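Per-chain residue numbering starts at 1, and chain names A, B, C and D are given in the order in which the chains are listed.
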Amino acid sequence: MNSQKKQMGLNRRQVAWRIAQEISEGSYVNLGIGSPELVANYIPEDREIIFHSENGILGMGPAPRPGEENGNLINAGKKPVTLLEGGSYFHHTDSFAMIRGGHIDICVLGAYQVAQNGDLANWATLDTSKPPGVGGAMDLSVGAKKIFVMMDHLTKDNEPKLMKTCSYPETGFGVVKTVFTDLAVIDILDSKFIVREMVETLSFTQLQSKTGAPLTLSDNFKTLTPPNLD
Amino acid sequence: MNSQKKQMGLNRRQVAWRIAQEISEGSYVNLGIGSPELVANYIPEDREIIFHSENGILGMGPAPRPGEENGNLINAGKKPVTLLEGGSYFHHTDSFAMIRGGHIDICVLGAYQVAQNGDLANWATLDTSKPPGVGGAMDLSVGAKKIFVMMDHLTKDNEPKLMKTCSYPETGFGVVKTVFTDLAVIDILDSKFIVREMVETLSFTQLQSKTGAPLTLSDNFKTLTPPNLD
Amino acid sequence: MINKVINFVEDTVSDVQDGAVILASGFGNAGATNCLLEALMETNAKYLTVVANNAGESDYGLAALIGSGKVSKVICSYPISSGSTIFQKLYNTKEIDLELVPQGTLSERLRAAGAGIGGFYTRTSVGSLLATEKEKRKFNNIEYVLEYGLKGDFALIRGKTADRWGNIIYDKSARNFGPIMAAAATTTIAQVEQIVKLGEIDPELIVTPGIYVDKVYLKK
Amino acid sequence: MINKVINFVEDTVSDVQDGAVILASGFGNAGATNCLLEALMETNAKYLTVVANNAGESDYGLAALIGSGKVSKVICSYPISSGSTIFQKLYNTKEIDLELVPQGTLSERLRAAGAGIGGFYTRTSVGSLLATEKEKRKFNNIEYVLEYGLKGDFALIRGKTADRWGNIIYDKSARNFGPIMAAAATTTIAQVEQIVKLGEIDPELIVTPGIYVDKVYLKK
């Protein structure tokens, strides 16, 4: 039963793979902290993509081999990375000017919730026992040309994360272009969730039941069929 | 007669020399286009001063030797210069951030007129036959910590240039700290012209008659006695 | 493979349309892109607005473009350099418009456009003739004027060395407006003296990362 | 002869007074000036405001300074890094104030202070909980919020190499807040790994010109 449940949706690597297919040659891309970082692993080999890290790197490469880490070369998640040939360094203000000025083509962010009008909630929960922290989330959400969200379709408590309106504090308003979940690829168009792709293990009605706002099937609907990535 | 008339006041090199004495070790100094550029030639040899050029140079050095000019290394007056060891280059916006942010200790500017409250007129005359041009004059006048003015005491038509209020369009308001003319060194304090030094060939009454606003003799008055610099 | 290098100068500016705002780098001749400006002169684009520090010198580059009649308006800080005769003649006969902007405000407005800043407050020009129509505001009891971002459709800049990603380094004070105009335009075209392999420019030395550059033209 | 090199770490921060605003460079540990922050801990200065991206990790550097009780307020973007326990404990017991600022707005506010910009308009945070008390304004029908310059009394930054004029270069992504904080503070103190002779740093490579640096301390 358990293994069957797992198979219903995509694992994180498969969602990352799906997002990677959506990124075209020559794009400048910022990957949010956490799961979005996986996207870099699945860019097709013949495609040249330039990754931006908001702490001041363009042309960021993969994690270094063990023992070759450099504390001065880290990504926005403060993990060691490398620099590709052609990469460059700049200071924080230049880096956020790059973000806010609309120069980043795509930013892939995690989210707590996404509303059908594209509102994004990914910086604060309603938990006040810890101090709040925002980092670069608000800058990225308004600055990048396209915001992709990578998240589970449901919370751990099986609550919908795709909503009519966010119940968590918003990070940005009307900013999300496409949501990639373990179950579907959903575009946001004219304040509607348009299902462009979904897994074949689920009916549209079942997907709707897991979503907090009405879904529309795209005219170009396709089945979401990722490769096995364990 | 002619040579005697010349001797009444300082020549430009002597005014430049006098200004140079006023610049202390380690100062960051911007020299305006034209006569103020001469100041660099008279800095005492044991004093290290760092010159800024608003087109993106710190640590600007003297003119190159003939034949060693480089069209990519010019000053704000578009004349070839050199770079000292320790000098650096930066772009225009960084350069004017440096100016506007109050990081330049002293700026020496030429002027058409200076008012007794420190207003400076040095960017436009009343002649409308040519297009106007402002360059960096307004940025420098509000940005530098101290504005020194280097100018003749009188116009070519023997009109005063030190005034109650400027008749030419102002560049900055209340910004001038000290005026160095061919006849005197005049500080501006509480909207008064305070004569700190003047040449000995002139009486105070004569100086007053050449000035468009009341002069006050400084408690620390000294005679202005430059070396011969022909 | 990303390759921003363009082989023919006429292909660099072929998509400039009527009414475009052109950001032209350079402080006098240092950092000016004469070959791109002259290529622009050969296109059919007209009613251009040119943003630059100066208004051209002699009869080449920016002066030639202005003299060709394709430029309706110049936004600059200092159009009265010696040798800027073509602009001055057109100005005096009212055949060209001028928006005069203090040099630091010009470069800050360009920076704002590239950095997603809608407007900013500067003390520069407060109280002067250049501020008569500007909105004023006090911060800590000091008066400032409101200035707006100044965005270009095309930036024509000049660098020293580039690579196929469009990373650029400059030479000495020729850096001037290049980096800031590159960021402020929708499309940025760079004329350079040298193109090197990816990775040959020290990453600490790159002044304009390729993200700001769309086309690179090698002018031998 | 200009010489900004200071030999003893206690002489770098000895003039910090009560209530001072301290700009502390670093993104996590990259570019953080642990030895200067710890020297500051040894002074008598208290009621400090610290501006940094984070609020310290573990029990050294910024975390140690915060733990010493000398800091009344932290202005930062992300105080919830793993290991930021000292700050979080003081925050929960209301022993320290927090002003939370989006990362890009934080760095832009610092830049504004260093660049003589009184205020600027950004789209970041528009409509959010962090903008409830911010003034709004539309440019080209897009909403922005007004943000103010954020000036420091002291910047404590970390570079790689310096010279006696205080010119500084950085190492990789450790550059982060250093250049911008150096310009935003009345007094800037830099911890570096190496001091070289004047002229040994390529003038095209200098990121922070010495005009922004008052003291240089060599941490071996």
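FYI, a residue touches a chain if its C-beta (ideal position, glycine included) is under 8 Å from a C-beta of that chain, and two chains touch if they have at least 3 such contacts.
These figures come from a predicted structure and were not determined experimentally.
*Asks:* Which chains sit in contact with both members of the pair chain A and chain B?
*Replies:* Joint contacts, listed by label: C, D.
*Asks:* Averaging only over C-alpha atoms, locate the centres of chain B and chain D and give their separation in whole Å.
*Replies:* Averaging C-alpha atoms per chain gives centres 36 Å apart.
*Asks:* Just curious, how far off is chain D from chain A if you go by their C-alpha centres, in Å?
*Replies:* 30
*Asks:* For chain B, which residues are shared contacts with two or more other chains?
*Replies:* Counting only residues that touch two or more other chains, chain B contributes 83, 89-90, 96-97, 99-100, 142-143.
*Asks:* Send over the residues of chain D in touch with two or more other chains.
*Replies:* In chain D, 108, 111, 115-117, 122-123, 170, 172, 203-204, 207 touch at least two other chains.
*Asks:* Using the contact definition from the top, classify how the chains connect: line, ring, star, complete or other.
*Replies:* The chain contacts form none of line, ring, star or complete graph.
*Asks:* Throw together a list of every chain pair that touches.
*Replies:* After working through each pair, the chains in contact turn out to be A-C, A-D, B-C, B-D, C-D.
*Asks:* State the interface residues of chain B toward chain C in the complex, per the touch definition above.
*Replies:* Contacts found on chain B: 53-57, 70-74, 78, 83, 89-93, 95-97, 99-100, 124, 129-139, 142-143, 169-173.
*Asks:* Which of the residues in chain C come into contact with chain B in the complex?
*Replies:* On the chain C side, the touching residues are 27-31, 53, 55, 77-81, 87-88, 91-92, 98, 100-105, 107-108, 110-111, 122-130, 170-180, 207.
*Asks:* What part of chain D is in contact with chain C in the complex they form?
*Replies:* Contacts found on chain D: 108, 112, 115-123, 137, 139-140, 142, 144, 148-149, 169-170, 172, 202-205, 207.
*Asks:* Under the stated contact criterion, what part of chain C meets chain A in this complex?
*Replies:* 1-2, 111, 113-117, 163-165, 167, 183, 198-199, 203-204, 206, 209-212
*Asks:* For a test of understanding, state which residues of chain B touch chain D in their complex under the given definition.
*Replies:* Chain B residues touching chain D: 25-26, 28, 48, 50, 52, 58-59, 83, 85-90, 96-104, 142-143.
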